[in-house]
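As structure tokens, here come the structures.
Each of the two complexes below includes chain A, the first together with chain B, the second together with chain C.
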Partner chain A sequence: MQEIISRLEELFAEGKINRVLGWKKGDLPYNPEPAYFESAEALKDFVYDGFCGANLSKYFIQGSAFEGVTAILLKPCDTYSFNQLIKEHRVDREKAYIIGVGCKGKLNVEAIKAMGIKGITDIKGAEIDGDCKELTVETLYGDKIVAYKDAMLERCHVCKGKEHMVYDELLLESADTLDGDRFAGVEAIEAMSPEEKFEFFRKELSKCIRCNACRNVCPACSCRKCVFDSNKFDSEQKANVDPFNESMFHIIRAFHVAGRCTDCGECSRVCPQGIPLHLFNRKFIKDINEYYGDFIAGENAEEKGPLTNFTLDDMEASERR
Partner chain B sequence: MSIKGEEFRPQIVAFCCNWCSYAGADLAGSSRLAYPADVKIIRVPCSCRVNPMFILRAFEKGADGVIICGCHPGDCHYSTGNYYARRRMTLLFSMLDYVGIERGRTRVEWVSAAEGVKFSQTMNEFVETIRGLGKNVRLGDLRCKK
Partner chain C sequence: MHGIGVFVCHCGSNIAATVDVKKVVEMARLEPGVVHAEDYQYMCSEAGQEKIAAAIREKNLKGIVVCSCSPRMHEATFRKCAEKAGINPYMVEIANIREQCSWIHKDIAEGTEKAVILTRAAIAKVNLNTSLVPGESLVTKRALVIGGGIAGIQTALDIADAGYEVDIVEKTPSIGGKMAQLDKTFPTLDCSACILTPKMVDAAAHEKITLYTYSEIEKVSGFVGDFTVEIRKKARYVNMDKCTGCGVCMEKCPSKKALSEFNAGLNTRPAIYTPFAQAIPNVPVIDPTQCTKLKTGKCGLCERFCQAGAIDYTQQDEIVTQKYGAIVVATGFDVIKLDNYDEYAYSQSKDVITSLELERIMNAAGPTKGHLERMSDGKHPKNIVFIQCVGSRCNDSKGKPYCSKICCMYTAKHAMLIRDKYPDVNVTVFYIDVRTPGKNFDEFYRRAVEEYGVNYVKGQVGKVTPEPDGSLTVHGVDLLENKQLKVSADMVVLAAAIEPNPAVRKIATMLTASIDTNNFLTEAHPKLRPVESPTAGVFLSGVCQGPKDIPETVSQAGAAAIKVVGLLAKDKLLTNPCTAKPDELRCNGCSVCANVCPYGAISYEDKLVNDHGVRETRRVAVVNSALCQGCGACTVACPSGVMDLQGFSNRQIIAEVDAICR
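So, the complex of A and B:
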């Protein structure tokens, strides 16, 4: 982490950057938050550790409006989202100085809490300079040792790779975290009967409190005016919502980012109710790959997206599996 | 809720494109070809005007089946509209399968202005399928119903 801070101080001193978009310490040891740092002195609050899961790409839409160059710290998977935003002309590449930072998998405090660990006061071993194999969770009831892998976010188990798609310079080492099949969850649901599928989604989606966190965090959801803010769509409040309205919200949310979703996993990370929202996005990604050829959103900033493109002999809707 | 002895009449929404399918429906009418009155036609400028939200909204408001009709691929009045619609609808219907909605409730059919016979046949078939599937209970507002 010191390496990043010294490099940023250097860039400030050289006058190459006017501010930094990074993460600062949160009020708890496990919730760093995205922040702008206006000067080298402000960097004393800077932090980059295993809990910095937040994807900063979307914040750069705002950052593009500022004067001068902003240094933005991007993890390998965040660069896909950033590329996608460049493609959609939502961010100004000229105003960004992209520092690609290494990643050794990002942690999910909910996974630690789900192990029955309560009263967490501090977590050691999440530092990016360490070997990231073991976490020491200090609690009111004594220390607990947790394997780093067991506390990782779901998205890190199905990591897209540790290569940055767009950057100006790279810092820090990465470590491979891939140990799962990305589409296993989707395939498991596809194998169910319609009744089971319906029950599964009713059970998951009835937890939704319509806080809109998934929409607000999504780097692909960047419309100035959102369809869900319209009062004509009468489910802006949970009280107005009927069972299908919840499914409708999530289907439409996923559909609006279909072909543009980079599967960054932010929606599932921020959901306060723990709904596996990535299952919707991945279903679209899987279908697109199967029906229209493999496509990785955000791999480059030029290629046409699958839903803004077509071929003359696309399959018919009735031929879907 | 059907009264005893009265058979189930499904409510079906058909989105028809102005240039081909709506004219096809017109032809079916003027040729005196019968198709069930359960089908409610909504005219849209092009099949690609159909927002996925329209379809979900129709289901939510009590439709038992939704069918989208457009020009044959290659014949779109706006050259490429139905190609985009085809991709969108394929993905949306696949998603509806995924959340457990019966597969037969949605359909895409290409009907040209000269195919009045095909229009009436398609609608007859589709209404039969929906009759077989029965009332749409998984979608729609369940709060005020028994």
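So, the complex of A and C:
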């Protein structure tokens, strides 16, 4: 972490950047939050550790409106989102100095809590400079040792890779965390009967409290005015009328980000109710891969996505299956 | 909106038989905004239209809903009627209570319930309608014909004779198409070339016709009256201005291994070739996949012997861009591939041939100089079996579900010609049905049976087995005698199904013209607009629309031509006002709409916007309404619902859905 801070101080000193978009310490030891740092001095609050899962790409929509150059810290998976935002003209590449930072898998405090660990006061071993093998969870009831891997976010088990898709310079090493099948969850749902599927989604989506955290964090949900907030559709009230419409909110959202979702997993990370929202998006990604060939949104900033591109070789809708 | 009138049509008994129209009227009266509702036997009749006009005037209606047939039938009629009565024609909505309602329901209660719901949806939509005004666009007085077979030639001649410029784009080196490959034509038995070549010459000599042979359509943009087309003129490697057509190059060419396309692959042709003797233009092309000079740099014999100095190995493809007011598709057909029909031993024996191959064998310019010979050993066959419907009328995925229409007649022709010239040859025809509707067709078939003694057997063939002695055993069934048959033959001729030329898919996509599951182009209306594509300005000629024989093709070619002439005679066209319109205050500038627009109608501008007092420059979408065709692709692609189709706005559609779900 010190390596990043020193480099950022250098960039400030050289006048290459006007501010930094990074993470600062949160009110708890495991919830650092996205923040702008306007000077080298402000960096005293800067943090980059295993809990810095937040994808900063979307914050750069705001960053693009600021004067001068902003340094933005992006993990490998975050760069897909940033590229997608460049493609959609939502961020200004010229105003970004992208520092690609290494990642050894990001942690999920909910996973630790799910192990039955209560009264957490501090968590040691989440430092990016460490070996990231073990966490010491300090609690009111004594220390608990937890394998780093077991406390990782779901998305890190199906990591897209250690490479940054867009950057100006790279700092710190990454580690391989891939040990799961990205589409296993989708396949399990596909194997269900229609009744089971309905029951599954009804059960999961009934937990939703419409806090909009998923939408607000999603880099693909970057509309100036979301259809659910717009008076042009009569849809904003609709999503609040009854539980069925509440479920529709998530399905409509999945359709809106289809082909643009980079599977960054932020929706599931921030959901206070623990709804596995990424499954919707991954179903679309799986279908797109099957129908149009493997595609990852945000791999580059130029190529047209398969859903917004037409080629003569595209499969006819009637020929599917 | 207050002041909506609802007019429910009985359509004779078409609607009234399964929909209680009085009930629809009664229910419509309860809908918000409705001040008038009535029913009538035929709303589209003059009396019906007068009722609408009278109600508009007397009750000062602002918008109307007509509950009748599909808008494709009478939307234009009712819009005109409304306009005459003094309201904007786009204040008219049609509730289609016929095609997907009264026609498909048998139960009056069900039919009525659905009609009421559809009416309710239309009322909900018209509530949000706004007046729209069409723009105008100019008509380019030039037509493009894609395909230079008999369909394309006839269409071009008829358009040119009416005084308009026409270009024919033909992908092979010569015009003429499939008809040029035929020997004789049914039912008159006149020589195909003798009646076709004068038309080819006329087309080439016509001052209004330009031929682009050995050329393909590269790109199409624009819309009715104003298409822009890029034509790829493939490199011929022969200078068309210098070549005298003497043919020395073809004699001298040492590379003669390529299969002759014109002779259906039965013999070979040189690398530099004209497809056939009467080819137009009579200028050869060099096949780059065969030419030794182009492949290895060595040879150059044709260049050395060419007195005119016409050979040019450095020629490149050339793109010609041209504007057209109308486009005619005349891409014709191909015989299907027989891979799925190996039970007939087509791939195993040279003596199992297609009817098109037989045409070439029987033609004096063909591989056997017109002598009936087996392709395996050159022997004169004594027994010939014809198998009908190979790949036609199939109810599985192996072949085509449709009847290829021409096979019964050409097989009768082949059988008759063989029996006439070689009375010693026995001819047997296995058929499912013999279909001979057409002037002098049945008489022709009966002559084959009665005068020429052709043996017609009703029944299908299971398989053909090549025997060690070189003969073929045909295992068939005689359904009338109810027995299995084994017929020994020296030659088997397969009446293979015809299918639209595979190139048509790509062309249809470029034209945004629709095709059906069999790749035939769809008509705007199967009965009343059979030569027009649903895409304005695109017309259909020949087999690309459905199987046809020569006289039908020529008739349709003429019909397509007159439609083109009718269009080109106009100086201006009214444009559809139902175009996309972005709300720039909410636009993200993300480019998704521009990416999906098939017409290139959307661009982006950096515009100064005032968003609730915040003034800033934003990248926003801008629609060129002259190019927009109102397809709506952008409206569904836009993630924030900023793009709206005028006349079909997102709100209108949601209002319809709400009304249906109420």
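We adopt the following convention: the second predicted complex is superposed on the first by the 298 of 321 C-alpha atoms of A that agree within 3 Å, B and C clash if a C-alpha of one lies under 4 Å from a C-alpha of the other, contacts with A are read in each partner's own complex, and residues count from 1 in each chain.
Keep in mind that, in the parts below, a residue touches a chain if its C-beta (ideal position, glycine included) is under 8 Å from a C-beta of that chain, and two chains touch if they have at least 3 such contacts.
Just so you know, these numbers come straight off a predicted model, no measurement behind them.
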Practice problem: See if chain A has more residues touched by chain B or by chain C, and give me that chain. | Solution: B
Quiz item: Thinking of the overlay built on chain A, is A:P194 touched by chain B (first), by chain C (second), by both, or by neither?
Solution: first
Quiz item: Given the touch rule stated above, what does A:V227 touch, chain B (first), chain C (second), both, or neither?
Solution: both
Quiz item: If you stack the two complexes on chain A, which partner ends up touching A:K304: first (chain B), second (chain C), both, or neither?
Solution: second
Practice problem: For A:Y141, select first, second, both or neither according to whether it touches chain B, chain C, the two together, or no partner. | Solution: neither
Quiz item: Taking the superposition as given, does A:H89 touch the first partner, chain B, the second, chain C, both, or neither?
Solution: second
Quiz item: What part of chain A is shared between its chain B contacts and its chain C contacts?
Solution: 227, 308, 310, 312, 318
Exercise. Report the residues of chain B in contact with chain A in the complex, numbered from low to high.
Key: 52-53, 56-57, 59-60, 73-74, 80, 83-84, 86-103, 106-108, 138-143
Quiz item: Which bits of chain A are touching chain B when the two form their complex?
Solution: 186, 189-190, 192, 194-201, 227, 242-245, 247-248, 251-252, 254-255, 258, 280, 283-284, 287-288, 291-292, 306-308, 310-312, 314-318, 320
Exercise. Report the residues of chain C in contact with chain A in the complex, numbered from low to high.
Key: 505-506, 509, 517, 583, 586-592, 595-596, 598, 604, 619, 637, 639-641, 650-651, 654-655, 658
Self-check item: In the complex with chain C, residue positions of chain A that touch it
Solution: 87-90, 220, 222-227, 230, 232-235, 256-257, 260, 304-305, 308-310, 312, 318
